[in-house]
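Consider the two complexes below, in which chain A is the common component and chain B and chain C are the respective partners.
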Partner chain A sequence: MSRKSLLLLIVIIAACCAVPFVFDPEKSYVVYFLFMASIYVTLAQSWNLVAGYTGQVSLGHHAFFGLGAYVVAIMWSRHLIGYLDPIGFILAGVAASMLAVLVGIPLLSKLKGDYFALGTLGLGEIMRLITIQLGAFTGGPMGILLPSSSFGTILPHYFIALFLAVLAIAVTFYMARSHIGLALVSIREDEAAAEASGINVLKFKVLSFAVAAFLAGMSGSVLAYYIFTVEPQGFYGLNWTLYPVLMCVLGGAGTMTGPIIGGLLLTAVFEIARYFLPEIHPIFSGLFIILAIMFLPTGIMGLRPRTMQREKGGVSIGRLLTKRAKGE
Partner chain B sequence: MLKILTQVLVNGILSGTMYGIAAIGLSLIFGTMRIVFIAQGTMIILAAYGSYWLFIFLGIDPYLSIVLVVPASLILGIGFYQGLFRKVARAGQFPTLLIAFGLMALLENLMFVMFTGNARAVQTSYASYALTVLGIKVSFVRLMAFIMALAGTGGVTFFLKKTMLGKAVRAASENLEYAMMVGITPHAVNTITFALGMGLAGLAGVATATTYGFDPFSGFVFSLKAMIALAIGGMGSVAGGLLGGILLGVVENYAAFVLTGGWADVVSYAVFLLVLMFKPEGLFSRDVSAKL
Partner chain C sequence: MVKLRDAWLVGLFVLVALACFFSPAGLQAAEKKEIVIGTPLPVTGVASQEGNEEKWAYEEAVADINAKGGIFVKQYNKKLPVKLVVADMESDPGKGAGAVERLVKIDKVDLLLSSFAANFVMPTAIAAEKFKIYYHGNTCFPVVWRGAHLKWSTVFFFELDKGAEIPYEVLDTIPAAERPKNFALLMEDTADGRAFGGGLAEAGKAHKWEIALNEPLGVGAKDYSAQILKLKSKGIDGAILFASGGDCVTFVRQMKEAGLNLKYLHGYKGTWNGDFWKALGKDASYVLCDGFWSEDWPYPKGKEIGERYSKKFGKRSVAIGLYYASCQILWEAIEKAGSVDSAKVKDAVMTTNFKGTVMGDVKYNPDGTAIFPCAAFQWQDGLQKTVYPFERSAGYKVKVAPPWDKR
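Right, the complex of A and B next:
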């Protein structure tokens, strides 16, 4: 990242910080929109780390998101942590990455490509069903009702979500630019060659999986503090995997800016559709997904000239996918 | 006790065949196009609605509605391939997976808006009729679903093994490049496969309409179960898909019997993960090398 784009990033972050003071968070929709967009950008960027950079297509992101939310809900409802407790956020992230390491070691060492995707899809479902079955501990199918009287304003949630989005971008940036990123990209490009050059493939795969899970778990906990009702359908919903995936693919997976652009754009589309077409908006969201993939399969960042991409060190999902389709 | 265990086994086999036909559809589509078509279950539900409305408005018996629902599904399958997947069919599993997801969201919500979210079931005069064989109760509609699944599997197997078109589909799923060299057009093969997969979804839809209650959103679980059946049975083999489905049904029913109903699904996902990890080519796969 050049000095110019770093400056641009700082300006954008500063602008985002100023938004709630310009628009009244009680009345304006803008703050809520940026709050949701930040959560989605965090999820999309963390997924980007696993799929875009490491080439391991996970469909189990909602397992980590939901687990993060439940960690906060279970502990807060038992008065172990308080409202917007930093310990809660950290524990949510830690629990999610522990799950990622626990299932990542067997899954990532045994499964490749489609099979890994299917395996992680199963993980999300298992988490949802176990949560329903645990009864009193997790609140069963009805979920946990949290004391919503503690809610004052969206401002703290907004800043925490914004911080998480910046953290996700920073972590991805750091990992992509350091020797870790080189290892991850080499695993994506050719696993056998990476192994032959002395890279501990499993270690790096699990590392990126765990870091992504940490971020996903934290964003789940932020939303749990905002929604106050943590129930399995909502928090273990497949949408928490597929929307970030779509954002990442639409923006351009394996690039730094792709998930940010995709996240902002799609949150806008979904929110506008929800606002103007409250009854039938999921139809249009579904339609939009189809159209976006059909006419823009390489992502928005994939439209940029090749040379610029090389400079950024990113690879559009298009190349990754054609490679995959050839069965390499 | 033995009688109860046998009863559970029979129930498992009967409900498992439903997963089986859904799995065969998925397996055909995955085998030739590498598309994980997660909208398969939603297509089944759409077909079930077709059968339901034919019964409500025109009084057509669900089993008679097969002659309308299955051809309609075949045509819809051709439309889906030509309209949605043709362009991106070889762009890798990701765009196609997302298109399938978009289609699932689109169909689910379209059905929700048009038919409301109320659970439906076809109430025929024979819906609660059950045969008793050697003290084992067999529900008539489930037995019919079982027979339909067997007929569907048989039909697809015959098509793939004995007809020129079917042989072309098999050739393309085994090695596309060689198939193209002998003059097989990939798009034609893909269209046929998609139509077949959707036709099976139509058949499964009729069977679902008569045996289970369904609502617009029950398709996703069906797709997941079909994927589990596929993973158990092995991708790309027709008989494997059916056997995988039956095995899954049996496991689920025994799990529900030993534990409680809610844990049955957890057990089936655990089986799924275990099979993926220790025998990713499936339990009934004959040719291991060609399927990955």
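Right, the complex of A and C next:
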């Protein structure tokens, strides 16, 4: 990230912090829009860490997102934590990380490319079914209804979601610029060469997977605290993976700013389509995505002339999958 | 290729444009010109069939009241027309809160009308609770709604335990020699399926029916041969099937192909829609379905609403009466409250005796529920014949299904 980009990021964060003081948070949709956009940016940035930087295309983000939400819902409904309890957020992230390590070790050591993607895709479905089967503990298919009487204002949720988005950017920035980032990019570019250079490939892959899961789990807990209904269909929905993937790809995978732009842009497109085209918005959104992927395979960040690109390393996910499948 | 000096600008532009567009200043009206009613419905996705049916009934009720000039609101000393705003929740309970958020913050709705089914009603009713906006609910089992202790909503539906007793009460009317001997429950693996399946199993015990098989069904599964083989191996000749429309059609088709004849098949959720008959034709005969209402019942305007629906869609509905009646109740409550204030409207709903709706007379209980008996119908010649409540069956008695080749 260049100094100019960093400055712009600071300006945007400052603007986001000011928004609830300009628009009435209880009446204006802008605050809710930015709240949701922050959640998506966090998810997209965390997915970027695994797929964009490490080259492991995971389709199991919704498993971590849903688990994070359920950790908070189960604990809060049993009075083990309180409303907007920091311990709840941390535990949600830790639980998701633990799941990522648990499934990451066998999956990341044995599967590559689209096989890994399919393996992680199954994870979300497994989590959904386990949640339904656990009956009273998780509320079964109906889920857990949380006490909405606790709700006062969207403001704490908004700032927590914004903080998480900033945290996801900061973590990605730190990891990308540290020796960890070098290891991750080298794994993405050539796993065999990375291994031959003495990099513990599995360790770094699991590390990025676990950090991404931590952020996804915390995002799930933030939304759970806001909508007060945690149920398997919604929280383990594939959208929580597909949308962040699309946001990341559209913005520019493997870049710091791509997921932020993609997150804001696609959240806006979806919201506007839902409002103006209530019955055909899935068609519109789908078309938009198809056209965007067709004409912007390296994302919006890839539009910039090469000489102007200060963030190098943007990747096409399609190219990445093909490369992995061929075992290159 | 388009040259962008900085891709950041794209994000910023979108943000600012959206912020300006959705700012309240441009949307708020100075004078009250209409009553804005919002409804978060599943108009796309797997529940869109039911969602769109509910939407149609709401729209009819709005058109009817507006044809009379609207609702007289004492606070404004004039009649105000009703504007219905539908927010699609995409058949995803997780998107219910967002749908309500749009209705409240962008469309500035005064009150909310129900979504469809417990898994969509509960998230949206809870979202309404946050904004302290009255949510006029229906199609949610009261036992589920009561568990959430909501203050800003009410529910108009049948009790789960009473609804679960209906198949057994109907079965008891069949002569003993003709009754099925081995009974099965085939329940969709969803919130409603599980909740209702539990109720059906309990009610079966109470009515001394032994459930020989209790089998979950996957949503959208294209192959039910495993379940059908189990039914055949256990000699099942009667069943209750809880699944969506497409799944019920698939199940009955595969049942016939496998040569399994159930004397009594009582469908819930998926066998009531006219499309069930359209898809199966005479194979749908003798199958029972649930429902909330019939245009044949002697309630004011019921026949007219039913005919309007049949004219538009070429089929009958056993649900639209509930949705239309929900609107009738809300319109009357607004008029009685003399305001669109949520607390006042809810209070009017709770205290008014609503006479002559298309669902008959309606009175809410102190806990915020208004209960009506669930109905049961049997498909005969493309029509749903009322079987239950018995007093509304006009003498029609449930018939046991003959073998497939004699239907």
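Going forward, the second predicted complex is superposed on the first by the 302 of 328 C-alpha atoms of A that agree within 3 Å, B and C clash if a C-alpha of one lies under 4 Å from a C-alpha of the other, contacts with A are read in each partner's own complex, and residues count from 1 in each chain.
Heads up, the rule we're going with is that a residue touches a chain if its C-beta (ideal position, glycine included) is under 8 Å from a C-beta of that chain, and two chains touch if they have at least 3 such contacts.
Everything numeric in this text was worked out from a predicted model, so none of it was measured.
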item	value
Superposition on chain A - do chain B and chain C clash or fit	clash
Chain B versus chain C as contact partner of A:Pro278, first or second or both or neither	second
Which superposed partner A:Val245 touches (first chain B, second chain C, both, neither)	first
Chain B versus chain C as contact partner of A:Ile132, first or second or both or neither	both
Partner chain(s) touched by A:Ile290 [first = chain B, second = chain C, both, neither]	first
First (chain B), second (chain C), both or neither touched by A:Phe159	neither
Which partner reaches more residues of chain A (counting touched residues only), chain B or chain C	C
Chain B versus chain C as contact partner of A:Phe151, first or second or both or neither	second
Touched partner set for A:Thr229, first chain B, second chain C, both or neither	second
Which of chain B and chain C A:Phe173 touches, first, second, both or neither	neither
Overlap of the chain B and chain C footprints on chain A, listed as residue numbers	132, 279, 282
Chain A residues within the chain B interface of the complex	57, 106-107, 110-111, 113-115, 117-119, 121-123, 125-126, 129-130, 132-133, 238, 242, 245-246, 249, 279-280, 282-283, 285-290, 293-294, 297, 317-318, 320-325
List of chain C residues in touch with chain A within their complex	1-8, 10-12, 14-15, 18-19, 22-24, 43-44, 86-88, 90, 92-98, 101-102, 105-106, 118-119, 122-123, 126-127, 129-131, 144, 147-151, 189-191, 193-195
Chain A - residues contacting chain C, complex	4-5, 8, 12, 15, 19, 23-24, 26-30, 32-34, 36, 132, 140-143, 145, 147-149, 151, 226-229, 231, 233-235, 237, 239, 251-252, 257, 260-261, 264-265, 268, 271-272, 274-275, 278-279, 281-282, 300-301, 303-305, 308
Contacting residues of chain B [partner chain A, same complex]	34, 36, 84, 87-88, 90-95, 97-99, 101-110, 112-113, 220, 224, 227-228, 231, 262-263, 265-266, 269-270, 272-273, 276-278, 280
